[in-house]
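Multiple structures are listed underneath, in structure tokens.
What follows is chain A paired twice: with chain B in the first complex and chain C in the second.
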Partner chain A sequence: MTDSKAMAGFDEPALSAGKRAILLISRLWAWVFLALMIVFFVVAVGVFSSATFLSVRNSQNILVAIVPVLLLGLGQTFVIIAAGIDLSVGWVMSLASVLSAHAIRAAFNAGVPLFLSVVLGFVAGVGGAALVGLVNGLIIAKLKVPAFIVTLGTSFIVRGMSLLFSENTTVIGLPEGIRDYGNESLFYWVRGEGGGFYILDKPEVSGELLRSMDRILAWPVVITAVVVLVCLFLLKRTQFGRHTYAIGGNMQAALRTGIPVDRHIIKLYMLSASTAGVAGVLSTLRFTAGSAVIGDPLLLSSIAAVIIGGVSLFGGAGSIIGTVIGALIIAVLTTGLVMLNVPAFWQFIVVGAVVIIAVLIDQSRDLILGRRGRGT
Partner chain B sequence: MSEPILSIRHMVKRFGGLVAVNDVSLDINPGEVVALLGDNGAGKSTLIKCVSGVHLPDEGEIRFEGRPVSFPKPIDARSAGIETIYQDLALANNLDVPANIFLGREAKNRYLGGLVKTLNDKWMLGQAEQSLAALDIRFPSLTQPIESLSGGQRQAVAIARAIYWKARLMIMDEPTNNLGVPEQQKVLELIRRLRDQGVPVILITHTMPDVFAVADRIIVMHRGRKVTEKRTGETNASELVQYMVGALDDTRTSA
Partner chain C sequence: MRNASAITAALLGTMLLSSTAVSAADIKIGFLPGVVDPFYQVMQLGVEAAAKDLGIEVVTQVPPTWGVEAQTPILDALVARGDLNYIIIAPTDKDQMVAPLQAAVDAGIKIITVDTFLGDGDYANGPVKFPLSYIGSDNVEGGRISARGLAKAIGGKGTVYINSTNPNVSSVEGREQGFKDVMAKEFPDIKVLGPDYNLDDQNKAAQQTAAVIEQNPDLAGVFGTNVFSAGGAGNAVVNAGLGGHVQVVAYDATAEAIELMNKGVVSLVLAQKPFDMGYLAVEFALADKAGVTSLPKRVETGFAIIDKDNVTDPNYSRFIYKVGK
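Up next is the complex of A and B:
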């Protein structure tokens, strides 16, 4: 052989500049889509109604609205990146709501201070949810039953348990004070005469002023933001996140390089159930009641948010920010259409179309890369 | 001659009534490339899987670096220093080069007395750069998912990973399969470089040009038995083919 140095060089770029540009666009399209949608609704709502789309109140409403969908989607993001699926999160959220309501009521009635009762509510709700996740994970990892089937089965079981524990769908009789944890906020802004900006300190206002008071960053939004940051850190900066991508990218490689795949899968389903658990507890605080049916309609929206955000159902790809954008897209779409007085069924049609377009964009990326399937 | 790194004596592996590996003995010496040739079903894969811990042999002895060894699981063979690179390479295509080299053995920063651990990506990237440079492998970018790399480039990543983790014997299963001709040359060059650095390589193949390009010694298997063992200079392609199809058999003529 002539020149050994030249022989071992693999310098030629594998992708052309044009393909790279298309790849970049396909990665950023969700941001672009969200921005375009906001612009569209700002203009359309401004023209066709007297309301303002990007008002403080409306933007805060959107943030409050995405809390449950986003929380379900955050745990789901990890599971789907690892090429799994968790269909039980909707009913797990309901179970957590019911369990936390019982815990808060029992603790408060036994003389435990309100704040501690709420903490116990979180322990019961998230702990109970994590237990369901443990069962999911054990059956999937150890008994090798497909995740789709296991979590479908447990979702029915958890549904039955939620209804059983809730004494006919709703747990009531909770201390009124917990309302504040579910509805009050970090900042308050009162417009007009005698108003102002308040931090952590709810202003004493009434009448007209009360109507012009906005709550900025409600506690559920703050808690969700903290969960988002924790998930972001876990997925991007830790070994746990790295292994999540590896398992979704090539299960065989993960096994052969000594990653404890079974244990990891169990943790993933516990994480997924836990973020759903947080959503359940927050709904209990928000409505001052435990509800056994609160989570069910949110499951498919949360999976839609994850997919719109660019998580591949084949595993191996996706991000937390993507899921946040996905949840925002759904919430902005829904809120905007409502403000334009578009009949509710159109929301479903539009969201469905966006999901399919998202997957088409994901697939076009694979096509450009000439991907030989992720398993190789 | 120095002591062999790997020494197999009278290995037998049966699957039910089938004798997949039948009384095979062989030695691998430091710094040599040995080609393991054979038709499909000749038993070369089974032999290799017995060495890499996928199968447990039924009879016989394996000595690695002078000591008798037994590998109940693949991880046992790897921690002893035997790295097997299968055709699927065991790489995660959605991760970048350093992430693949450190897959399952990630370097971490510790905070709050080890309570919080983050990935030390900067350090891993530096190590990856060094280990690739030591093998004279150059990529345009190490921080892109390796799915954008060519087959030969990914083969190089798998080799670099094995070397980084101090492989003292490399087993490679059809490394030039599915590669274009220029890429085949690059991978063969890497194999030569491994040998020059003292790492012996067992090359499973049935690509004759590869054998003559890199192998120092050739072992041919047929129906579970080792039918010949030749130095590369002492034989030619047509003779090897006759051994592969069973027309020639040293054990038969000598017995």
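Up next is the complex of A and C:
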């Protein structure tokens, strides 16, 4: 990934074995940490309870749980790689939830078929979100106001708008059928007699069979996976991605090489708001209601996921897969701690510690490679 | 006790309606609820209905977010107006709001607390005595009623789980406490798990409940201490294929909770009576102004339990928090 690209430029043959080991750890530690954590929970949950941590259903629970944090983190990854920050994503998600709920309800009540209503919900939610991103980007790029301040400001504005647009903070009365889009899945696996594996076709079972039915790859997970793939492609394979790294690595150099920096920055904030918008629409589908507060608590978790994933807050480095790992670490912690009956607040303590470790590892790598130390 | 005081209060109100001792021009009331939400909006309807019936002017200011830091500046501004005689407030913290409200009292304003209280809620003998009265639901009792409702729904045995919002908030804490007490004393065959705190995050409530179901496949019921908790828990229950098998009790009869019940996600909804709280508080202010000295220091407005069978019965459906349309 970027690490290897960056390292190619710093090809130092004289590194000792110890330093080489540290470099290896710095590239792989998030994977290793995630793996160790899963092993820990598999053993601990197995010892302290009768449940299985890595059951099919629980793994699917975790995948569903990472959806909002990951979606907020995906757009944020681009912004932070380009040395920016978007503090508005949580509230943009809420706005998208409210807008999509209104759109779906209005369309459906006007006789639009359910599927099309949901599509319109995505258009309204993601479109409204992208508009906020456009405003963010315009002010940051054209008026040269620091991103921190601009997105802080829009957070408040967007929050107020969401509360105004919603009724009593929650938009209800949505068509019953949207529940399926937010909760049903690609595959179903019913074990036992009369069961089987079903693709795109929810089996009609009841009682104990229904209890044992696993939903594999719920629609929100599938949609999030598509967004992950699009982001991967954008960042790794396109000029858009290269420009993002270039702007974050050295803004002046990017300007001199003729990269349209202003336009690119506007696009970045639109992208960030859009992935938050997708998160908002998905939460509307999942809970069959629009909520003006659903994204409130998610901003810090999403930034934590990005940083744990190895994106440098100073720009120029980071990857999409890293952010996925970061979001997974947070979700695995929550589910695991609940299953162990540990107060869920330990999650914050562990996540906080992991964030700091992530930055320390990032810095030690820079030191070894002889790059200018960051944050000093 | 509770009924008796409620009746006293109602009688008082009727008497007041026919009394002309106090001219409406003599009294102006500020209403300061805790946050924007359907519960307080219904309370506001009660306040406004009483104000209209009694010909009193009420100034309402609603904090956009829950918390002392949001509520205090608004309170200070209401006091600074200088034209209010009474403030009806739902204090967002039982300790931190004492000093700001004491300042209001010092400025000559009388205080009535609704829904939430100051100190320990005992204005006769407790640490805080200056408010005229507390009008609200007994959250511990609400927890007890929820526990009995859930126990009945699951046949008196099995494992149940509490999903809650935030620790150290008197209202939710009381609900958890009452719930646990009843389960421990009256239903020895019911085992209680939790509470887990979702910090008002519905996604997290769903994730926590899914994890609990994973660990306890025989889970029989969930108590969601507010609508977010119940909604998130219900989502996890339905997705685990347990809709109808795991009973979910929701505290607060918001339209959303009722919709969840109609969809089969939630089985029981516990309604508080915010309209009563708002209406009575205004009547109390007028009564005090008229020289009534025997106002009860504490009025508990009680609950209604709404389920699928009675939700269309007007005697129950009237307690659903309906605002606007």
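Things worth noting here:
To be clear about the criterion, the second predicted complex is superposed on the first by the 351 of 376 C-alpha atoms of A that agree within 3 Å, B and C clash if a C-alpha of one lies under 4 Å from a C-alpha of the other, contacts with A are read in each partner's own complex, and residues count from 1 in each chain.
In the analysis below, a contact is a pair of C-beta atoms (placed from the backbone, for glycine too) under 8 Å apart; a residue touches a chain by one contact, two chains touch by 3 or more.
Owing to the predicted nature of the structure, the values given are computational and were not obtained by experimental measurement.
After overlaying the two complexes on the shared chain, residue contacts for A:A225 are found with neither chain B nor chain C. In the superposed model, A:R242 lies in contact with chain B only, and not with chain C.
In the superposed pair of complexes, A:A317 makes contact with chain B only, with no contact to chain C.
By the touch criterion defined above, A:L186 lies against neither chain B nor chain C after alignment on the C-alpha atoms of chain A.
By the document's definition of touching, of the two partners only chain B reaches A:I259; chain C does not.
Once chain A of one complex is fitted onto chain A of the other, the partner contacts of A:L114 are absent, as it touches neither chain B nor chain C. Of the two partner chains, chain C is the only one touched by A:P68; chain B is not. The partner of chain A that touches more of its residues, comparing chain B with chain C, is C.
In the superposition on chain A, A:N250 contacts chain B only, with no contact to chain C. Interface residues of chain A facing chain B in the complex, by the touch rule stated above, are 1, 4-5, 7-11, 13-15, 233, 237-239, 241-243, 245-246, 248-250, 252-254, 256-259, 316-317, 369, 371, 374-376. Partner chain A is touched in their complex by these residues of chain B: 74-75, 78, 88-95, 99, 103-106, 108, 117-119, 135-140, 147-150, 152-153, 156, 185-186, 189-190, 192-193. Interface residues of chain C facing chain A in the complex, by the touch rule stated above, are 36-38, 41, 64, 193, 196-197, 199-204, 206-208, 210-212, 214-217, 231-232, 235, 238-242, 245, 254-256, 259, 263, 323-325. Here chain A touches chain C in the complex through residues 45, 49-52, 55, 57-58, 61, 64-65, 68, 160, 163, 167-170, 172-173, 176, 179, 183, 210-213, 215, 218, 283, 286-289, 291, 293-294, 296-298, 331, 334-336, 338-339, 341, 343-345, going by the rule given at the top.
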